[in-house]
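Here you go, one structure.
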Amino acid sequence: MINIGVYGATGYAGYELIRLLDRHAAANLVFAASASHAGESLRGLYPRAPELELLHPDDAPIRDLDLAFLCLPHTASAPLARHVLGEGARVIDLSADFRLRDAETYEAWYAAAHPAPELLPRAVYGLTEVNRQAVSSAPLVANPGCYPTSVLLALYPLVSENSFQGPVMIDAKSGVSGAGRTPSATTHFVEVDENLSPYKIGRAHRHIPEMEQTLESWVGGPVEIVFAPHLVPLSRGLLSTIYLRLPGEQGEAELRQRFGELFSGEPFVKLLPPGEAATLAHVVRTNDCAIGLAMAGDTVILTSAIDNLLKGASGQAIQNMNVMFGIDETMGLS
Amino acid sequence: MINIGVYGATGYAGYELIRLLDRHAAANLVFAASASHAGESLRGLYPRAPELELLHPDDAPIRDLDLAFLCLPHTASAPLARHVLGEGARVIDLSADFRLRDAETYEAWYAAAHPAPELLPRAVYGLTEVNRQAVSSAPLVANPGCYPTSVLLALYPLVSENSFQGPVMIDAKSGVSGAGRTPSATTHFVEVDENLSPYKIGRAHRHIPEMEQTLESWVGGPVEIVFAPHLVPLSRGLLSTIYLRLPGEQGEAELRQRFGELFSGEPFVKLLPPGEAATLAHVVRTNDCAIGLAMAGDTVILTSAIDNLLKGASGQAIQNMNVMFGIDETMGLS
Amino acid sequence: MINIGVYGATGYAGYELIRLLDRHAAANLVFAASASHAGESLRGLYPRAPELELLHPDDAPIRDLDLAFLCLPHTASAPLARHVLGEGARVIDLSADFRLRDAETYEAWYAAAHPAPELLPRAVYGLTEVNRQAVSSAPLVANPGCYPTSVLLALYPLVSENSFQGPVMIDAKSGVSGAGRTPSATTHFVEVDENLSPYKIGRAHRHIPEMEQTLESWVGGPVEIVFAPHLVPLSRGLLSTIYLRLPGEQGEAELRQRFGELFSGEPFVKLLPPGEAATLAHVVRTNDCAIGLAMAGDTVILTSAIDNLLKGASGQAIQNMNVMFGIDETMGLS
Amino acid sequence: MINIGVYGATGYAGYELIRLLDRHAAANLVFAASASHAGESLRGLYPRAPELELLHPDDAPIRDLDLAFLCLPHTASAPLARHVLGEGARVIDLSADFRLRDAETYEAWYAAAHPAPELLPRAVYGLTEVNRQAVSSAPLVANPGCYPTSVLLALYPLVSENSFQGPVMIDAKSGVSGAGRTPSATTHFVEVDENLSPYKIGRAHRHIPEMEQTLESWVGGPVEIVFAPHLVPLSRGLLSTIYLRLPGEQGEAELRQRFGELFSGEPFVKLLPPGEAATLAHVVRTNDCAIGLAMAGDTVILTSAIDNLLKGASGQAIQNMNVMFGIDETMGLS
């Protein structure tokens, strides 16, 4: 059994993790911690949660852990990661603190000095299908963001060679759970209902450097993303529609073959048949990423759908845990 | 008073027209016709409709009309247009039958011979802000499709010169009323709710030739559109997010100036301030088109929102009627 | 022209009032005040609002007013009402502060001493259809709560005599705008979406004494309400399903006749035909109250639907204003 | 392994059954049959379904079965039940054909002669918690309707003695999947969205005789139900709010004790703590029935929530299967 602590247990990702761990045959939840709800029962926040008392992070028995999941805001996560690693446990961090390899880039996008730059070389970017080997032995896994997961899995087979031109246009749509559990004007039912809201259009969203860093590592040169996320009136699910121009004479069949070569054995990546686009109905409440592929002249249009709380957060975190501890990668996820 | 008949009065566009005409100071509704519901009251279909008996189209007194609105499926509309014009009334057609100038293009996209090709030269494309002059004297106005309205108004200031490169990427999202009132698996609540569905991705949607025809007339050469429409879980509203690459050194301020020059006096086109993207909340239940403009490198990202049943259908039809009959263009629409 | 000030302009009721006043032919908005957003533009909160600068309440020119609308929380409203009345203007209060005639009842339900008990005798309960005469000359009108409006209008024709037995069971369903604009866990999209939540079941909701006070005045004796409100996943609209046992041999036709006698000339009350229940589609975005009537043995089942922000708040407030100032009661509301 | 056939596999209940059977350790799906989609794959209708070819009912190998689930319309189900029973398999019928004990009552409510009255004595009403013993040996189980399941489980502890007075008022709210998968005006997204629709108010809904029959068997005398179902804008879930007048001096604690005595060991019935009402969030995607209990004077208000497709249909069907075949009642359901 893996002895596990969850920090930040009361947010949507934290609660989803606890639900997944509860039915995971190899997981033993040692504690769930929350600074804001310490002493309360998780059942008071979620009607279907177990009666589980939330510990204050300062009171949590870190030394009993093999693994800690950190579901905290960026800049809060890194110092705790340092502490947990120092006590000998491994860490899967669901915040952005260890996704960027470079402390300067972090500082530029997050307007804060990196709280634990010395750990950056030890962190592995946990896009499981791509970095499985490195994840397996990593002390610290940076769980990818929700948008990057959907985008990078869809682009991986196409940009592993320097094979496209111009910027990659990403039109992404997310359900409201992606905005977190803290109430705000943005997440008020009346503001979201019957509305569609693009936000942080162009080069403004913090997932851009995360996507570009990975794409550039695949391409071996600069990549430019144009990114337009949209808030849509539904709770769970994320769909990225990606527009990419390929030079030369590559046909859909050839592209599909590359997907097959790279992803045919993957349990959680589903390339859809020709003519079928990815929808949320393909993926919600699963750890799957469904990918549709269509062409229009030399433009490839990819549709890539995930459940933002599962493959886009807690599901992929469990997947990474399974890889890190050498157990069946799908355990607890199907 | 303009004496008016509405054909296809029971669909969403037809009913919306009747609501608008009901409060229009210069409109006199002579009849509302429906083949499928002849003899019934409109109130039986819409709980807030007036008690208005629907006539069978064959029984409708065409000779009393100054104007007929046709809210019929394509191929059904054109023969009726011929008949109405023959009786001396003018026509605003909300179907696709007269949007394409060229009968061969129509046949290629609609898989049917054009039912009234001799009328094509008399038809004016009713994108009011752009073709106001021609609309004013037209016997037959082809009311634009919902997607083209949102896209063309946003692009008009930018592509009036040959000033962009590569395909125009259009990622569009429509509420379910855009799919019409006839029940189908696609419009079943359970299929739409909590889902997002891209459909007819790439070069498959029939609004593509309509958009390309107009863009090409502005540019004076070929234009290629890549188009991905999405069905979203809400009733009314349409948002197009448009990605366009501009060569050279054009800044956002310069582009905004062009919008101002072309649209500053327009009552229904609203360019949003820098940093604000168009949302459905800007436009639903109005005849407005709200346009946001952002840049990322040499890519312009336009967000263009309309109410698909108003500016995207019946509202623009009333606007065209007002122009055709020389009355205040905003009458009945604000 | 009526010179008008709106206090609490940024909540849903306040904004709805401003929208209604904007198109009201006899209304002149002197100011819109907000303590929390003073100095900002209303446009910053609502994308379709006019560019209207919000004044701090302390800076608002009360002396220029004929009428103030108070859209403030209970206990905050009453002191301001005193101040406005002292300056010679009339008041329509949308809070609960003047709905209960009796300061002790207020204190029992609102856990606070009444802030202006001396004004209670001057306040008229603004259920317009019932109290029109008193409203017309009132200095201070207590605008009814949303649930009471729907319930009382439906019951008025049935309980004007002591003609029922046992408690009145009221099962009410409200859209989320009824919970106000302040973000909270209750109004978070993810908590509301795909959910139904009964709350304050039985004898817990503060609208109970308001309903009982009015019913008892009609009956001339004690009335007991059992009340179960529910939050439903939609933005606007309120539906009350009311179960009432009538003794003796009263048939549906007889009951319908009583409705007709009392409400036949009312512009905003619509008794639906036999077999038709009230739905939100009958009323949303109107000032109407639609009422359905069905029977099962000696039980009458009333369905009563309103738009909670219009007939349930700001619309009825305008209706009361029209009555108070002797103008057409429907002005600005149809 | 239990060898199983599913008839009517393409509706929501049929598909849900197949999903449940797919992960049930003791179930072997021999075939899924559909008259309307014979020869097609279930995957064509549901994006996450397995590639399972649908057989025509006439071609289905009945003789290989231990058990058939019938997910067919009423009157279509009974003849097939006769056929299956004749071939030696047991039957769980999800239609209404065997819920009423009495062929005359059936005829009165369903406007059709009962197609297999000789089987009525062999049928057991499959409200598992109440009829577990009889279900275990039944050849033919009539799976309860969705509304009756929620209502009867909540009332069972309270009306096992003749302990209430007057009619039972039931205000029920159902998600749209309860209306089935066949597209209709009623289930069109635009008609449901932002709406609430009471329907079949009073004594009109066919679940009334089903509820009264069971209640009367518990009480030993006549029981009258007043029933108002409502369609609400969400996909899954059903909430009944039940108003019942108890004579005498019964307190909430005493009633809660009766629930405890009857349901304390039940895996799928959850009595909520005092002050907590049942919501859909308690139950959706589970086989649970969550019940809240509150009092107002001598009126008990019960809130009872289920997932209409699970405890209200296919989940309870699996639960009955488990009981019939002597395996753990929760297998495949938790």
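First chain written, first letter: the chains are A, B, C and D, and each begins at residue 1.
Keep this in mind: a contact is a pair of C-beta atoms (placed from the backbone, for glycine too) under 8 Å apart; a residue touches a chain by one contact, two chains touch by 3 or more.
From a predicted model like this one, the values you see are computed outputs, not experimental measurements.
Q: Just how many steps, at minimum, does a route from chain A to chain D need if it may pass only between touching chains?
A: Each step joins two touching chains, and the minimum needed here is 1.
Q: B-D versus C-D: which interface comes out with more C-beta contact pairs?
A: Pair with the higher count of C-beta contacts: C-D.
Q: When the C-alpha atoms of chain C and chain D are each averaged to a single point, how far apart are the two points in Å?
A: Chain centres of chain C and chain D, defined by C-alpha means, are spaced 39 Å apart.
Q: Can you work out the whole-Å distance between the CA centroids of chain B and chain D?
A: Between these chains, centre-to-centre, one finds 46 Å.
Q: For chain C, give me the residues that contact two or more of the other chains.
A: In chain C, the residues touching two or more other chains are 193-194, 233-235, 279, 281.
Q: Taking the complex as given, what residues does chain A use to touch chain C?
A: Touch residues, chain A against chain C: 12, 176-177, 181, 183-185, 187-190, 192-194, 233-235.
Q: Which residues of chain A touch chain B in their complex?
A: Those residues of chain A that touch chain B are 166-167, 169, 171, 173, 175, 191, 193-199, 201-203, 224, 226-228, 230, 232-237, 239, 241, 243, 245, 277-281, 284, 292, 294-297, 299, 301, 303, 305.
Q: With touch defined as at the start, can you tell me which chain B residues reach chain C in the complex?
A: 47-48, 193-194, 279, 281-282, 285-286
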